[in-house]
Amino acid sequence: MLKIPVIVLNVKTYAEATGNEALEIAKAMDKISKETGTSMAICVQATDITKCAENVTIPVWAEHIDPIKPGSHTGWTLPEAVKEAGAIGTLINHSEHRLILADVDTCITRAKELNLDHIVCSNNVATSKSIAAFSPNFVAVEPPELIGGDISVTTADPGIVSGSVNAVHKVDDKVKVLCGAGVKNGKDVAKSIELGADGVLLASGIVKAKDKESVIRDLASGL
Amino acid sequence: MLKIPVIVLNVKTYAEATGNEALEIAKAMDKISKETGTSMAICVQATDITKCAENVTIPVWAEHIDPIKPGSHTGWTLPEAVKEAGAIGTLINHSEHRLILADVDTCITRAKELNLDHIVCSNNVATSKSIAAFSPNFVAVEPPELIGGDISVTTADPGIVSGSVNAVHKVDDKVKVLCGAGVKNGKDVAKSIELGADGVLLASGIVKAKDKESVIRDLASGL
Amino acid sequence: MLKIPVIVLNVKTYAEATGNEALEIAKAMDKISKETGTSMAICVQATDITKCAENVTIPVWAEHIDPIKPGSHTGWTLPEAVKEAGAIGTLINHSEHRLILADVDTCITRAKELNLDHIVCSNNVATSKSIAAFSPNFVAVEPPELIGGDISVTTADPGIVSGSVNAVHKVDDKVKVLCGAGVKNGKDVAKSIELGADGVLLASGIVKAKDKESVIRDLASGL
Amino acid sequence: MLKIPVIVLNVKTYAEATGNEALEIAKAMDKISKETGTSMAICVQATDITKCAENVTIPVWAEHIDPIKPGSHTGWTLPEAVKEAGAIGTLINHSEHRLILADVDTCITRAKELNLDHIVCSNNVATSKSIAAFSPNFVAVEPPELIGGDISVTTADPGIVSGSVNAVHKVDDKVKVLCGAGVKNGKDVAKSIELGADGVLLASGIVKAKDKESVIRDLASGL
């Protein structure tokens, strides 16, 4: 499982993080992770998993898996396929890719079957607690209205972080908790730890930065 | 654009066609395509596009694209990403991955913008005609109840093939028409051409075959 | 079928048009329709169909039907149920309730089977043409970005109206065409007719008006 | 809130339970509920709520609500609308009408805001527990593969009932638990209580019965 505390980057489908651009970001994180000893992981598009996994040693993850087994499922994301491509983990139920409740269960079960590490995303304290009932590796709470914005969840809504940590641990204290949305610098990362989280999940903070390396270094300094 | 008549294989998410298995099938098709001069293409999972595209000369396609532009779309299939990975075409609206009407339009528009060849799937004559209104490269008609079955659409429902050819050409005579569902051998392929189609789209007929090469050769013999 | 030219109101799920409020609007339209001889229809929530249908003589429609037959479909909108409740027509594929392509076909087929009049909504000229291939009673083109706004589609994008009329009639000249989005007054209605449409589909223009009767009268004056 | 133990009927969109047929079933339940003193409720299609609520005294419920507030949501089921129509409760997340996790949360929140009683459906022990985290009035566990079948969940999979009761109460012991799928007679009802449930949720057992009254009486005898 991911060593905590951890910084997890989700590159989404940004132009700045597709194909070779995803690989460049993965390499930068890999370098800084080694230099600083900070635990980091990168979630990339399905098309880019192999290329990244073959070229870096930090964990490469998928951004999503579908609640399916091998079979007739044209164009969906098979958990076995992302694993064979080189992913060692996956996001599940990101707020941009929400699943029906029964499928959250199925995806977590499938990830466990395949020994895929997994972060299940929630949008508030109540859904964080609800997800904890499935005993996933990680819950990541991200208020949708703050995603992609300029103010970190740790500043805008610290209670959703500490509240999720408490609610999750009340149901299952082995589940780790991350927070995300608007996270941009080492101060935000430090604050997340202070609020009881085990790290952060972020996207645009790195992907949209002009100087990605310096942002990654700054984030790492927060741990 | 795909040279017609053509045999298009959709490997879906079958275990027998994931990762290295997809590559083996692509290589077999590539070899037989060259030997026989038959036009062939293979649609593979997003995770497997690069590996296949780097190792074969027949067209490698995606099984699906989502109706999105680069941006915040965690875990969805970006048209630009499948293209950069090496796909030169894509299925759209497969019966196992149906799209809302406005998104069929968006996906076709996006494919054209990126110069991605595309086959849009329909389930009957009426939807074939409806899709033709968007002037895609190809329409592929596949009755859902025959998909994965033992009887070829060309035998079970020849009227849906000839009817789609007529209906599509009435709206736009430049749109090519394929047929699929239950297609398994050269006789089925020959019959599809006789019914006015420009080739076939198939999946389990090859993927689930014990001797895949011999099935591919037999299919090619039908053209 | 609806007498054309026609003014069709979709009350959506606005608070100002739920339950008794829906009935009040239906009565106002009924009164003005009779006074002015203008053809009008009102689409209401499923819960409100019976109450409205029992109290007015203008056509009461459903806002949506699902692509189902009687059976195990908990909480979905059965075409037979809206008909038995008193609806004589239905919207299909509204931009706030889009359907997958094959389901647009199924809903139109089900509406025809039950002799339910129907308006199928499109978002641009290409989808208008695509829908025409199913030969529905009506296509209503509404650019999503103008819905609920202050500028009428007839002013903001007249080409989408005339373009839809031409594209639809090229495929099937018996299909009637309405336009909608931002329609607020008689001038907008008159312009829609001038552009070749057979009437308008509107919502907030009436529902959100302080003086609903005077808006309805003004709209009627445009025909 | 529903008096427990309770028998809740979901009439779905069966032909035998649409419009006047729904009313006839509601009247039969109403009569037998009074005669036997058994707590019963009936969930009907949105179109049929008012007619049923005006004619019976047992609780009339909706089969579904959508996760919306009043506004621009054409054709969706507004919680306020089912309440104004006469429903005093609603099913949420039925296995034939599943919701994404965040929307399960929103629907429960909306039901609580409007003081609508509610049963949230789950498909296994893990999702029962997950739903309990939202503290709804009721969780109803129904294994999808047994729905509409001939063998009662209480016989086919008693562990899913007792397991859900335990798991739910571990998270929140105020949440009531129902079970459903294949429930057909008083013996099944009695067994559900024995397994720790507070009653049953059923559909075809009554709706598809030739002699509905005698089935309802038999079910009531199990409490």
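Going by the order they are written in, the chains are A, B, C and D; count residues from 1 in each one.
Methods note: a residue touches a chain if its C-beta (ideal position, glycine included) is under 8 Å from a C-beta of that chain, and two chains touch if they have at least 3 such contacts.
Predicted model, so just to flag it, every value in this text is computed and none were measured.
Between subunit B and subunit D, the least number of touching-chain steps is 2. Same-residue interface: subunit C and subunit D share over half of the residue numbers found at their contact. Remark: subunit B and subunit C have CA centroids separated by 37 Å (rounded to whole angstrom). Computed from the mean C-alpha positions, the centre of subunit C lies at a distance of 34 Å from the centre of subunit D.
Annotation: 44 Å between the Cα-based centres of subunit A and subunit C.
Among the residues of subunit A, those touching two or more other chains are numbered 95.
In terms of inter-chain touching, the protein chains here make up one closed cycle, each touching precisely two others. Contacts between chains, counted with the stated touch criterion, involve the pairs A-B, A-D, B-C, C-D. Subunit A contributes residues 93, 95, 98-102, 104-105, 122-124, 126-127, 129-134, 167, 171 to its touches with subunit D in the complex.
Of all residues in subunit C, only 10, 12-15, 18-20, 43, 45-51, 62-64, 68, 70-78, 80-82, 84-85, 91, 94-97, 147-148, 203-204 touch subunit D in the complex they form.
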